[in-house]
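The chains carry the letters A, B, C and D, assigned in the order they are written, with residues numbered from 1 in each.
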């Protein structure tokens, strides 16, 4: 009975954080703290836990030094504490290897699980996460619903928004997994001329996408991250970001506006790790429970990717990606 | 077993529309179509069905002439078709009178139910709703995910956002009903000096509120609507709205920024019906499944209502409300 | 004595208007009135006199049909009525042919003179110009210092800003003429690798430029116009213009930000005449009487032309220009 | 002969700076440097010389500690070096006492004169002023026409804009002096019910006003300053300023939009000195040499002062002013 399946189906509530390893810690911290303007919650065992002024979770980005630049994992918050175990069961039933991550392995975080998408991208699911106040009381907002003062330094986005991952394998295998195992809903997608799924934008929230999956025959790996994204409230904030980046001599692509998602963008690469950051604003929300995914055909994708503005793909650095997979680091197998 | 309760609990997906009756149809249509810039889907039997350029539903505001200015009902879209019947059952079990509204009673809409909150506010729940393309192909956006071109005329907000209702009875009776019977979650609330709930902001979506309930000893009725609200993408759009309204000689309150919701606002009254419209932008989203409602005490409410800008309550027209209740008009009792 | 020279030197107060001839009047009027949103003052003898909502002069753009798309003349308002005659004398002393244009030849305009720059660009200087109120009282602003309501339709820029002319001859001959004969001040300029002036931005007002002169070996004529420009108050207005243009299917370049002038831009071509329009905002003003012109060397011009955003020159239509010269049409030689 | 008069008439080019004395230096510096985000050129003899990121002059605001909070003088840059002497002669001919201020008395500044308006307001006129690069190379913009990086900290306005002075004497005596002796042009003015000049907005530049003069029977002195003003490029920057001020707990009036000048505003008082600062954006420019001053009658002034938004005068702190006069401090009489 379908209702029974639904009853026990665990759910993801939102994108949690991205765990980044960089070969140049100082430069990455300069970029994310001084230029982007993220706040530091704390540093524990060499891991710097950062978040934006409107992020409630303990961290939405962690950065530590490593031998190669890579994303160790992308983390998602479940809807209920018991979803962690239920996700573990459901994934194991589907022959997915699941590792257990004990509370405290990441600062501020409770018990979690880690596993890989069929493409090898590392995912983490947690439920418990501290929501600490600003470490420095002077940085605290007087608003009771806002962790930090906005506009303290740099670009100052409000919150984490989404991740975009790439694979040189069949993207539909990933999007099927996200939909069937993790409850994501397809919102918009690219159909290739031969009728396959070229890319998909999926979400568990009212955002058009919490994650995008790009089929990318041009890259060498099955488990790359194209970018992570932080959100700003206003289109003009993206222009202000352009001013700040250009005057720091940091190259970027944009500003432009996507057709898909209808959102404004700038793409800029962290000079420390090479991970790409999308600065993001505007766009639409999907409240429809009976949403019909929007299909974009190959000949419509010019407007789909770039409704207007500077296009991705015009500069050499547009093609860079870094790995978001590799062997899971968490110690204990369940 | 708790899961079983969950399994059958019907859910609301989003705010659908507001059904307005006005004593001056021409003036209300001028206001909502020419000044605000809503698009007309169609007119059927004297009911004008309007929506914003980014609304997907057939209508988010309906306007017809009537002997008094009032909101006939506030409508909500359920998550699943079967939720309509399940809500009917659940409400009847709680001794709430439920009327059935046959498909087609409202243009574009399938079967629905209507009932009253304990305060007498009329609610409607539907699932099926047409999502028609722009009637005039020249008004259609070239974007596949956007019904109309933006910026065709007037203020041009993107979509409906929320409603704010008032009562001179105990507001907590309404917010309890919304939470227990309809699945709303409390997001922020005002605690009065004597420890009661003064007002609550609740949602079923990632918005901070789809509905706000204000305890208002200053009004004469238990079932008023303070305002309905349309959303614009950027704070500057609210300033542009101020230019447009001021140059039409239409009085308004704002611009300002709420502490609660962190959103920009302008309040303006439809000169035809007297219903208040909030033009709204920015603010935050709540993705947290374990959100702790933000409590604002009486002495914090100055910042809660108005973080900055022109305050509500400074002008006589701030107090006007119109009824959102009165006897249900739909014919057949289930 | 230098003071004596100064005493009698006539002065230009501002850019007045551009007189455009188009091969497709209907399309040009659609573009400038419906898409750009200029207001029509009146139509006299087949000439459509347009201006923006914040322009005080009778017109800042005139459009009439002609056998080829061209700019008939670029007009400047003198500081004093007697400057017209003084400019005529001064120009004739320099062997410049000067034609007299009688009051009324252009609707709303008093006596004027026309002459050509050494490059063949046609200039007009006038002093008297009607400042009529909005023809339709409903379009009139309630503000006493603003001719029309803003935001009535389309992009809705505030006022004319500048012109940009090109020549395949030595640009410094033009900029010298502008400075020595007409009192323009050099504000910023491009120095070519061989030490010549490649382009200059000059003004008589506090704007960085009322006119730019581009040395363009890539074009075929000595007297082209690259673009005319209208100003909007906010950077976000340029993004809104991008939305409007993209959804009309009208190609454009930008948005971007110039280093020179520090202004935001979009370039879009009138589909009727082929004349290019720059939508323009932000930037700086020059109040310094002892301004040292900013020199940009060839290797600095990437940032000079495009501080960030989509660059000019990326699309084929970027190279199009139309003539701003050809034989003067005004009848009577002084 | 009128031309001869014109020939020798010295001219003012622009507002230069405001010299502020504060009773709480630390708090004033915190306000202007950290909250407003002005840059410090240097500190000499206890005088802190500040400017905005787009100001070219050595300073546009100087702050030093003093026994009472006051503006020592308001300084204007002349168009030519010889205008200093010519202004001195012209003023002395009109029986105005003129003091000479030797080069170096103020850091960065050449020879200057000081004198009082008939109301007792202290004015300074200078010509030579250093235009130093940013003291810290890391704060320097890569743009050759911009002294500092924008957006380094705080509100970060671009440049000084205007001053607004008040008097309890006849305002027309001041505006006549500004026009007849200093070459200001009346742009907009308030006519009182009894036919007198209530207030005037005047400029020597294309701005609507470099100075406003308010007749204020409600204040106790003939020579007060109501506010000095800094300019931001975009209306949204004023909203961002509101966020910053509100989250610092600093009270302010606005945001709103003036009818006169059509500019956005926030008024905020320096908690150190009590001087009022207007944060300012948008508005119109006047290029017309034959501008007819806009007259606002008493019953039009509601829209004149506040086209929309929070009105001046709603809060007690709106009435505060500090002196901009008192005995001139400069040592030597010419």
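A few notes on this one:
By definition in this document, contacts are C-beta pairs under 8 Å (C-beta built on N, C-alpha and C of every residue); 3 or more make two chains touch, one makes a residue touch a chain.
From a predicted model like this one, the values you see are computed outputs, not experimental measurements.
Listed candidates were A-C, C-D or B-C; the one reproducing the A-D interface, defined as more than half of contact pairs identical by residue number, is B-C.
Chain pair with the larger contact count among B-D and A-B is A-B, by C-beta pairs in contact.
If you average the Cα atoms of subunit B and of subunit D, the two centres end up 46 Å apart. Centroids built from CA atoms put subunit B at 32 Å from subunit A.
Multi-chain contact residues, meaning those touching two or more other chains, occur in subunit B at positions 142-143, 234-236, 243, 246, 303, 307. Those residues of subunit C that touch subunit B in the complex are listed here as 141-143, 149-151, 153, 234, 236, 240, 243-244, 246-249.
Residues 234-236, 239, 242-243, 245-246, 252, 254-257, 264, 303, 307-311, 314 of subunit A touch subunit C in their complex. Those residues of subunit D lying in contact with subunit C across their complex are 3-4, 6-8, 13-15, 54, 56, 77-80, 127, 142-146, 158-159, 188, 205-208, 233-236, 259-262, 282-285, 287-290, 294-296, 300, 303-304, 307.
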